[in-house]
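Shared between the two complexes below is chain A, which has chain B as its partner in the first and chain C in the second.
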Partner chain A sequence: MSPQQPAVLGFGQTRYKTSRADVGTPELIFEAVSRALADADTELTEIDAVVFASAPEVFEGVYEPDRWCVEAFGGVGKPLIRVHTGGATGGSGPLAASRLIAAGLYETVLVVGLQRTSETADAQAVFTTIFDPVYEQDVQLNVITGIALVASRQMKYFGLTEDHMAWVSTKNFGNALRNPYAHLHREITEQEVKQSRSLAYPLRLLHTCPRSDGAAAVVMTSAEKARGKSHAAYVAGLGCAADVYRIGDRIHDDESDFAIPRAQAWAATEAYQEAGITDPRRELDVVEVYAPFANLEIAYYESLGLAPPGRGIDLVETGATAMDGDIPVVPSGGCMTTNPIGATGLIRFGEAAAQVMGRAGDHQVDGARLALATACGGIDQFYTAAVLAAQPA
Partner chain B sequence: MISVNIAGSYCLPPRPDIPMALDEMIYTVTSGALRDAGLGIGDVSGSFMAASDLYDGRAIATMTLTGSTGSFHKNEMRVCNDSLAALTLAAAEVAADAAQAVIVCTWSKLSDANRDAMAALGLEPVFTRGLNAHPDAVVALRRSSDLGRPTLVERTAVESADVAVALILTAPSPERRTRGTVIGLGAANGPYLRPGEPLLGPVTAAATAACKLAGRDVTDLRRARVAGLHAVDDDELARAVGVPRDVLARQSERWADLGYAAGLLAVHESLAAGEPGPALVLSAGGIGYENAHAALVEVA
Partner chain C sequence: MTVPTTVPTRIPGEWHIPYQYTIGTFATAFFDALREQRILGCRCAQCGRVSVPPKSFCEYCFVPIDELVEVGDTGRIEAVTVVTAPFAGSPPVPYVVAYVRLAGATSSICNYVHGVDLGDLDRLPADIAIEAPVRAVFGDKREGRVTDFWFEPVRDRS
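Showing the complex of A and B:
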């Protein structure tokens, strides 16, 4: 039996806010799943299995939150698997579903992403526990200080400036104004970015993402079944890679400098090979990259093959990644304007699928036929990449 | 139909306190399984793991473990279910032709954790956590619903256990070592707390699905190996699966909580027992056995 090509039939998401106190967690999930099923023109009875993507359950304060919410996504009586690869969880969900479909185990799979970070008093306190409990937790490393180290090295070696980061922030916030679901709807100027509160040099508040409550869902099926539907996006390539844990182990040569998220390159290369992409800058029409910090988006331009190593800033200086550029990046506003952590990668995947289906609304990139979606987790450690195409292989 | 080889297997069997750091436990089983398969780390393209943040005391249990789990520069996938779910995703990866060989690994180190503190966190926080219901009480409520009369379940005595298990899955090939073959997989999920379906409904559905995928009937089964489920007696389990009681094999009650490692340990035990013919491995996690998984393994 040859593997089935997976496809996406529909995408649904909630409104995002710092706290969705207006609904309980099951209701939040129901909101996303209902929209995904409607978008996919699919009944719950057609779902053969569910993949639930949610990152640290410490955020929800419930052990195994998928069980608690099982009625909200119609999981009773169906196979249910929960994936958790840190921030990359939302990328791992559709990857797992794709393999289940390709292997012929299940034909139609619902992927649900959830995070409710408002349930925890301090997200960074949770993140402190991701580090080695014996040697590093006392150092008080967290995601912000970790990524500040990346930005410092980008500045030292690749000419990154505050101007470059401010341009990315302004671009993404501007894009989010066209996305009705985005958490932050606010027009900002580069000057405001540069004057925003300093978090950890060189990172400022408007270089970073919010913490969001929200959920997303995607309906996936086999390409064969998708052909009978009015719209579908086809999974053309998938990649996944993990880097070593210790930051010091990634700072010792050109290939593994901490300023170069090499595992993102490994994951993207795998996805490109499967999709037959040899020149991503020319062949991709749109990129939904999971970049929670402005400097990381620029580093990913390089990891994803959109710019040569160390020259991500060229795409900023030429405006290539703006909505009217030749390779728009996060037309949805991306992770910097909406970040329900475990669901964020799934939003990137759903947005990329919506783009190639021509269903992205006001932030649609004209004529998009090939899109890339990524997810990242840990401190630049876990990565996924998915290429979505308008046509089956 | 699915056919994925189990080329190697290694386990640190349950003990009250394995005197190793978590990394060392995991490295011991992943390297042992690779040696058993006659493969090196360069031969595998991914690591599929089942691990619990709460049991490991970290927000991302696997983050510091990239070396010992073998996932560096490779595909890393992790589930928060019994390890038969990790086996399912790993087998799908191979069956989908996305990998030729992968590691599946799982662990539980309860000697570093406070089990009683974790049990309450499984309950929904607004309406039910305040009841302070023990998971055994949830099982009792469900059985009461099944039987239509109040029923007590004897509280399962739990001794903290450390355990780690790894398997190596490969695509079928005459050149590769074969300890067994995964020929069927199934899973089903029941409702959360709400009674209204038989307690073992998900277990029955998972077992039936695994046999159906393999094109086998339950009467073909030589062995049905049950991971966990200690609050359910043999007769009830045999009825739920549809096999004679003497086909069942149970894990020691001494280790009533092996966390997510229970299922993969049962697969390892099937391979180690060397009993010919198809063996069904069953697990059910959650707060009332509602998350069931099954694998049908043809032991070489």
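Showing the complex of A and C:
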């Protein structure tokens, strides 16, 4: 893709729980970073720069958590870059690191993602503050109501039913059972999904994600340096895009519909182009999509070009995205079973890298060579996409 | 001495920071009009899009906008949800939130929808389905906030 292709050497994550009451926030970071360095067989002294990806800090209750956690990610004396694109931050972090490496500015970069959602009593009270204070906050929008609004259009125009959403929830919870790091380890049935508590029509509790405490870290370097290591994943393509702020300005036009987030398509198109992918459904072996709600995963099937427009539900009906399907989506269980928001995109990236390295453990997709990782943030506003490959370009 | 393995303490904290948001002349005009029971948008001279609520520039053409236009008080629902779980600061459940494209507008505005029978929460009531017509209704006490009005289903479709 560029003069210096970026590569992933290692991935470390914490145990995820509703509350990691056993550790303070810097300690949580230390746990993830230590594991990433060990997995990458890399010493802290080899790290040339750190990208800190954390958002929104209202959850931690400490403004500038990068200050608070600098020792815990080994950042003292090193160049430090913080990125912030809401929930997409964890996707923007490795993207920034990749570009720094590709540009030849730094060779080995540590990317750190953090979120503690347990410190505040009400996550949705935090999310209300991301809406326009002039026109939108008085109507008390939050993430759940925002995504319910997306679902309303999917149901009206794109064939989405409760059955499709129940299948996605059941698939993802089932996958999480094979991921020792996943927050929720619970077998659920489609019937349970359909009978779970209603939150905002048509969304129910089991269509959504948990609030998780956790951190993740990834060690990245140049493809050249990666060749000397025992394992590496190679960044084949990257994309990111932002959409307009107000939901009311992007409900639909001649070319797009709020039901099928267009900025995710913009980001994926850029990544595919860079990676030389023309038929993502056939060429990709596995997808780690950042979809905190069951309906969003189906919308993204279309945004990501895995299904033709209006046919995302086909991938549910044929079981194509199940672990034994031809294009498994979130073998890790994804963010419906683990969601430390600012870190979640980095977990998707790390999981995709682990898949193409053949190091995903019990949720390994056999023979995965090409993987896609995404992130979304800001109520379908910020998106990233990254293609990870088993081989260098 | 080794570190005891009891569950560590939590220390309470709170962020309480009041703000005064500067909203600009377009939003000010919008809120002033709400007091007079009118809803304003803006028209981009270059592309003709009518954005409601108004803004001072067009993000498509990236040019300043200098024209405010009044849009109709009726429109159609474009996205809708019935909120059934209480969140911090939200009104009593259940309540309806919808984005509505008002007559003459090319974008949608969000508000509550009142006057809907929410007896059966397992299905979306027909009168708040997407594309259903609604009307903006103003309260008696208007304070220049977006909640000075709400939507109600238009039942008389003559």
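Here is the rule we use: the second predicted complex is superposed on the first by the 389 of 393 C-alpha atoms of A that agree within 3 Å, B and C clash if a C-alpha of one lies under 4 Å from a C-alpha of the other, contacts with A are read in each partner's own complex, and residues count from 1 in each chain.
The rule is simple: a contact is a pair of C-beta atoms (placed from the backbone, for glycine too) under 8 Å apart; a residue touches a chain by one contact, two chains touch by 3 or more.
Note that the structure is predicted; figures quoted are calculated from it, not measured.
K.L.:
Given the superposition on chain A, are chain B and chain C in a clash or a fit?
P.N.:
With chain A as the common anchor, chain B and chain C both fit in the superposed model.
K.L.:
So, does A:Trp266 touch the first partner chain B, the second partner chain C, both, or neither?
P.N.:
In the superposition, A:Trp266 touches chain B alone.
K.L.:
Give one of first, second, both or neither to describe whether A:Pro133 is in contact with chain B, with chain C, with both, or with none.
P.N.:
After superposition on chain A, A:Pro133 lies in contact with both partners, chain B and chain C.
K.L.:
In the superposed arrangement, which partner chain does A:Val244 touch: chain B (first), chain C (second), both, or neither?
P.N.:
In the superposition, A:Val244 contacts both chain B and chain C.
K.L.:
One more residue to check, A:Gly24. First (chain B), second (chain C), both or neither?
P.N.:
both
K.L.:
Give the label of whichever partner, chain B or chain C, reaches more residues of chain A.
P.N.:
Comparing touch counts on chain A for chain B and chain C gives B.
K.L.:
Between chain B and chain C, whom does A:Glu64 touch in the aligned arrangement: first, second, both, or neither?
P.N.:
A:Glu64 sits against chain B, while chain C stays out of touch.
K.L.:
Put down the vertex angle at chain A formed with chain B and chain C, C-alpha centres only, nearest 10°.
P.N.:
80
K.L.:
Looking at the overlay, does A:Leu199 come into contact with chain B only (first), chain C only (second), both, or neither?
P.N.:
In the superposed model, A:Leu199 contacts chain C only, not chain B.
K.L.:
For A:Gly378, decide between first (touching chain B), second (touching chain C), both and neither.
P.N.:
A:Gly378: touches chain B, not chain C.
K.L.:
Closest pair of CA atoms, one in chain B and one in chain C, after superposing: how far apart in Å?
P.N.:
For chain B and chain C in the superposition, the minimum C-alpha gap reads 5 Å.
K.L.:
Could you give the residue numbers on chain A that contact chain B in one complex and chain C in the other?
P.N.:
Touching chain B in the first complex and chain C in the second, residues 24, 58, 61, 133, 244 of chain A appear in both lists.
K.L.:
For the complex, which residues does chain A have touching chain B?
P.N.:
1-3, 24, 49-50, 55-58, 61-64, 66-71, 75-86, 92, 95-96, 98-100, 102-105, 126-127, 129-133, 238, 240-245, 263, 266, 377-378, 381-382
K.L.:
Using the touch definition up top, name the residues of chain A that touch chain C in the complex.
P.N.:
21-24, 58, 61, 119, 121-122, 124-125, 128, 133-136, 138-142, 144-145, 148-153, 156-157, 197-203, 244, 246-249, 251-252, 258
K.L.:
For the complex, give me every residue of chain B touching chain A.
P.N.:
My answer: residues 1-2, 46, 53-54, 57-60, 62-67, 71-81, 85, 88-89, 91-93, 95-98, 118, 121-126, 185-192, 194, 205-206, 209, 213, 285-287, 290-291.
K.L.:
Show me the residue ranges of chain C that touch chain A in the complex, using the header's touch definition.
P.N.:
7-8, 10, 13, 15, 19, 21, 23, 27, 51-53, 59, 78-85, 87-91, 97, 99, 101, 107-112, 121-122, 124, 129-131, 145-147
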